[in-house]
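In what follows, chain A forms one complex with chain B and a second complex with chain C.
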Partner chain A sequence: METVTLTIKNQPGLFLEADSITPDAFAGKKAEEIVDLPVYVGRDEHRLGDFFEVSGRAGATPAETKIVVNGDLSRVKYIGMKMTGGEVVANGNADMYVGAWMQGGKITVNGNVDAFAGTGMKGGEILINGNAGNYLGAAYRGDWRGMAGGKIIVKGNAGSDLGTFMNGGEIIVGGDVDVHVATHAEGGKIVIKGNAKRRLGGQMVEGEIYVFGDIELMMPGFAYRKDVDIEVDGTKGLFALYEGDLGERHRKRKGQMIYGKLYQRIRA
Partner chain B sequence: MTKTITDVVCPFCGTLCDDLEVVVSDDGKKLLEVYNACAIGAEKFLHSQAKDRITRPRMRQEDGSWKEISYDEAADYTARMLADAKKPLMYGWSSTNCEAQSVGSEIGEAVGAVMDNTATVCHGTSLIAVQDIGIPSCTLGEVKNRADRILFWGCNPAHAHPRHMSRYSIFPRGFFTGKGHTGRKVIVVDPRVTDTARVADVHLQIEQGHDYELLDALRVAFKGEQLPDVVAGIPKAKIYEVAETLKSGRFAIIFFGMGVTQSIGKNHNIDAAIAVTRDLNEYTKAAIMPMRGHYNVTGSGQVWGWQFGFPFAVDLSRGFARYNPGETTSNDLLRRDEVDAVFVLGSDPGAHFPFSSVRKIYDLPSVAVEPHETPTTEICKVHVPVAFVGVEVGGCAYRMDNVPIETRKVVDAPEGMMTDEEFLKSVLMRVREIKGV
Partner chain C sequence: MAEFLIKNGFVFDPILGIKGDVADIAIKDGKIVETSAVTKPKIIDAAGKTVMAGGVDIHAHVAGPKVNIGRNFRPEDKLFNCTPGHGIERMQGGFSVPTTIRTGYNYARMGYTTVMEAAMPPLYARHTHEEMRDTPILDQGAYPVFGNNWFVLEYLKNHEIENTAAYIAWLLRATKGYAVKVVNPGGTEAWAWGLNCDNVHDPVPYFDITPAQIIKGLIEANEYLGLPHSMHMHANNLGNPGNYTTTLDSFKLSEGIKPNSKFGRDQVMHHTHVQFHSYGGDSWANVESKAKEIMGYVNSHDNITIDMGQVTLDETTTMTADGPFEHHLTELNHLKWANADVELETGSGVVPYIYSPNIKVCAIQWCIGLELALLAKDPMRVFMTTDHPNAGPFIRYPRIMKWLMSQEAREQQIDAFKYKDKVIDATNLAGIDRELDLYEIAQMTRAGPAKSLGLAHMYGGLAPGLEADVAVFDFNPNESYVPDDIENAFSNARHLFKAGVQIISDHEIVSNGNKRTLWVNARVNENPQVMRDVKEKFLRYYTVTLNNYEVSGHYLPNPYVIEVDATQ
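On to the complex of A and B.
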């Protein structure tokens, strides 16, 4: 795998829209070609090289390309957007849309990300070693097909609207989450190792939510069923199983109504 | 001698009453009296006659004083500000006609602006919910003639839409509602005992910020499933009872306002309320309608809807329309320093935005097009006073139920004053000259 290293040298006056920082856009290009890729500040088009030092070279295909981005990226949007393979490592805080509509490959952020990371994600993996903002792994506005596959791991906390309209894939949050988790979900799995606030599984049709810590308030549409002994992401324990949202429509399989499942760990 | 003009449309709130009578002087230059309007609507007409009204554009000087400038100079300043900016914000658009909104969109497209209207701090969240799950709605005429279950959720029309209750929702006698209010059941959901709650048959005094939970509970109740003993501070027996009341009606209508669109959960609250409406249609006929505030905020959503495909928060900076509330909404753009110039027309963000955003507008190049003196005109660099739409110039406006109504001119604007549309057209011409297109 070949590596391209980007180091931010000029901060944009407003925000930098850098949807070209992907292995797909870099593949088959040398550093002197990569500096000419387009980026945008407001309505002005610039070159990637106007903002970043670029060194190294890309592999022949996206899968053979690794991109390392250094510096403060808190004003850079769209890192790894729509990537299909390869690897991106961001060493710093990144702004919105990290790995949005991602299909494959891996993104590691050694810092925090702002909202809309993993929007409409289809495959691949995003590892965030800091905190994530709102709408992590959620659907794009108005789309009823949210995250369909892949895996998102956040070491810290996540914001509100986690996994809205989720259809598949997995999100693991090491810390706490804000309100609205898996709203409208029709599949997928969300693991929250810290505490949750309110509105977990609102309008949920199908899918699984696991909470290790406290839940401030349970949705009225979730009913307790039974205690179960399960293993979740390497942790074995006793969990209380709730099903819902009872107010929402549900499918039947083999004559059985299928509900969304919410597991809350029972502490000994 | 005076003249009485009948069937005048009121340019204040989204109810867009169309039965006002206005008395004007014989020469049509003075507006003397207003009949049938609510106190706020009447004041809007009469305010156009204020002796101290600003009638010429003015520019803020270094020492903080205003200097009078011509409309040409104001148009030139505005065009240069928009053309120089990398990402200008063009905000407001709700207290003007669709014709002006349309010219504004052309300017926005030419300069790569972010176009946002007052829905951004109002019913924008409703629009997000509509995109997510659709909306079963109706016209206010249908409400008047058919509805016998009226639910006001997080809104207080007694004060915000004063004639709504008498014209459409509670009191009128319609084709199938001949008994007026005695044939209707009125339910109000509000944490406070508002004047609207006082006229209700049932007031659910909900625990603040628990609307989503209560809406979900109603859906559970419709399906006959078990509820917790208390949801959102309301005992479950009461929730089952209200669910039954709604199901037993011939036509249920839910009106909702800021209490649910701008409290925690925002679009999710409306999403759940629409789901409640959808569920109710399994048992009876039901519809839901946002209580839109400004008289033509609905119209700006309509205009941008057909021009750009999105009703608010439209980012045109890259030459194509993008939309993502949370990113392209005015307060997020201002808070995050994403825009470098602010143009305001037909709205007062100075009074309604958080102080942190207002401060950002103050720090940026800014123009306010506005007939009144407002907190916004106080913080902008240039203030362009214009004729009152619906008083001094006509034009199309959309009522809260998406019915277009042509507003009427009843009196002349002060000598030499421009309308929103005329001023925007001169800005557009200057923008095209500057950009050489």
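On to the complex of A and C.
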């Protein structure tokens, strides 16, 4: 695997839209070609090289390309957008839409990410070693096709509207989350190892939510079913199983109604 | 104004009766003229290319409140497809519900120059006109909806044709409307009561009138006035298995009524998006094509014209004044739903929809639309539409041309269906080998709709005296081609003229044209009863006053008024 290293040298006056920072855009290119890739500030087009020092070279294919981005990326959007393979490591805080519509490969962020990371994600893995913002693994505004596959791991906390319209894949949050989890979800698995607030599983049709800590307020559309002994992401424990959202439509499998499932840990 | 001479193109024109012969078309002062009438024309070399009149779309939802609801509640329709402005083109966005700017440009790129907005809620006529005003290039008109209007229901309950006609004339003038549109007659009013009208004899709650009375009465009132277009119909029971009997029942209500119009049309009913109304079976499991039965009727009855409503197998946004149907649809596909009630007049709903080739019903719908056109004996009475955006976006018209003109293209699509064998069993399309030629396409997309609209004196042909709406396409019908060449050529006109102004030059949009809005001013005898009813209903029921209702002045910066004298 070949490595390209980007180091931010000029901070954009506004925000930098850099959906060209992907193994797919870099593959087959040398550093002197990569600096010419387009990035946008508002309506103005610039070169990637206007903002970043670029060194190294990309592999022949996305899967053989690793990108390391250094510096404060808190004004850089769309890192790893739509990538299909390879690896991106961001050593700093990143702005919105990290790994949005990602299909394959791996993104590691050694810092925090802002909102919409993993929007409409179909495959691959995003590892966030800091905190995530709102709308992690959610659907684009208006769309009903949220995260459909792949895995997102957040070591810290996540914001609100986690996994909105989630249809598949897995999100694991090591810390706490804000309101609205798995709203409208029709599949997928969300594990919250810290505490949750309110409105978990609103209008949820299918899918699973696991909460290790407290839930400030349960949705009225969820009903307690039973206690179950299960293992979640390597942690065994006794969980209370709730099903919902009872106000939504649900499909049947072998005559049994399939509900969204919300598990809350009772004891380890 | 500039003179142009479009030389040596292969001309397809039903008005002149030219079927692909090489001919020159001259333009002067915004009109088509004899070639001898131009003195120093700019020469447009059309050798090896196809020349046709500008296209005329008789039915599309391109402006007004429900189109805008579609735009507002589908930001994802603009995801990854916005283009910045360049040259004289402004910023554009959207696929199934494009911006007004993109609407104008994309029609122009397909060689279309006249587009009718198919359903205008009278109360929101101002909004509709604002959007049409912002749609460049195209001449447009809008059809106010009448089929669930309280005035109409009350008058027609007692078969008061003269009062209905006076009200229509008043409303066309107040809203600057073009024609009488009927959507699910009685059914949308019933929807305000949580009900629907499933067939032409299913009474409307409270008003106690049947859809049959509404349909027949509005045809009679339309002919009483002698409007340019006939009554424009979207029947009850749209989109349901077995609904073809309702469609035939609706057709039959036109029998025995003669057209009374000085505008050259022969029909008294135009039935729109007939694909959605041609289903047999009694459930989605056994739904089948009844296009043969429908076209058997249409082919043998001269006083009807129809358009296809062709499914294009795209992700799109459905929107109609048929409120109960949209509720039915959201229950089927579980996608987001918007619903509106428009006071005394109508209602509407909006739901996104994906016509997938992997779903049997969608594939059957695709077949039915094409069957309607391919079974047509008279292409002057069967028009190409997608009921944009309901069955698909209008930008697919060139793809529909490809399917109609090439059995090979149809077979490719049928082979790609997941449930190919079941689809073939439920439809007739696989057994139809007809391939339309460009002359028949010109009838279905130009001369036919222009005549049905009562606008054959302006649009749809290349005869001297008509508006100089001319399109030149990179298509040589005498050389061998693959089906996709048809779609590519007719998606991207090489040149386009609108009223004598060159809009497209070498595939580039070079002018925003001089867009006009057509409306019909029907003069009737004074009718104090109707005027009193109007005043009273506004005082008692409407949320706006008459002063805030009428469309006037700056809403139509470039109006084109068609005068109709129905005084007697």
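Quick note on the criterion: the second predicted complex is superposed on the first by the 267 of 268 C-alpha atoms of A that agree within 3 Å, B and C clash if a C-alpha of one lies under 4 Å from a C-alpha of the other, contacts with A are read in each partner's own complex, and residues count from 1 in each chain.
The rule is short, and it goes like this: a residue touches a chain if its C-beta (ideal position, glycine included) is under 8 Å from a C-beta of that chain, and two chains touch if they have at least 3 such contacts.
What you are looking at is a predicted structure, and each value in this text was computed from that prediction instead of being measured.
Novice: Should the superposition on chain A be reported as showing a clash between chain B and chain C, or a fit?
Specialist: Once both complexes are aligned on chain A, chain B and chain C clash.
Novice: In the superposed arrangement, which partner chain does A:28 touch: chain B (first), chain C (second), both, or neither?
Specialist: neither
Novice: Once the structures are superposed on A, label A:202 by its partner contacts, choosing first (chain B), second (chain C), both or neither.
Specialist: first
Novice: Which partner does A:38 contact after superposing on A: first (chain B), second (chain C), both, neither?
Specialist: A:38 contacts neither chain B nor chain C.
Novice: Classify the contacts of A:144 with the two partner chains as first (chain B alone), second (chain C alone), both, or neither.
Specialist: It touches chain B and chain C both.
Novice: On the superposed three-chain arrangement, identify whether chain B or chain C touches more chain A residues.
Specialist: Comparing chain B with chain C, the partner touching more chain A residues is B.
Novice: In the superposed arrangement, does A:221 touch chain B (first), chain C (second), both or neither?
Specialist: After superposing on A, A:221 lies in contact with chain B but is clear of chain C.
Novice: For chain A, what residues appear in both contact lists, the one with chain B and the one with chain C?
Specialist: In chain A, positions 43, 140-142, 144 sit in both the chain B and chain C interfaces.
Novice: Under the touch definition given earlier, write down the residues of chain A that touch chain B in their complex.
Specialist: These residues of chain A touch chain B: 13-15, 17, 40-44, 96, 115-116, 134-135, 140-142, 144, 165, 179-180, 183-184, 198-199, 202-203, 217-221, 223, 245-248.
Novice: Okay, in this complex, where on chain B does chain A touch?
Specialist: 85-87, 111-112, 128, 131-133, 212-213, 216-220, 222-223, 225-228, 231, 264-265, 268, 271-272, 275, 279, 317-319, 323-327, 336-340
Novice: Help me check something: in the complex, which residues belonging to chain C touch chain A?
Specialist: Going by the criterion above, the answer is residues 73-77, 79, 84, 334-336, 352.
Novice: Show which residues of chain A lie in contact with chain C when the two form their complex.
Specialist: 43, 140-144, 249
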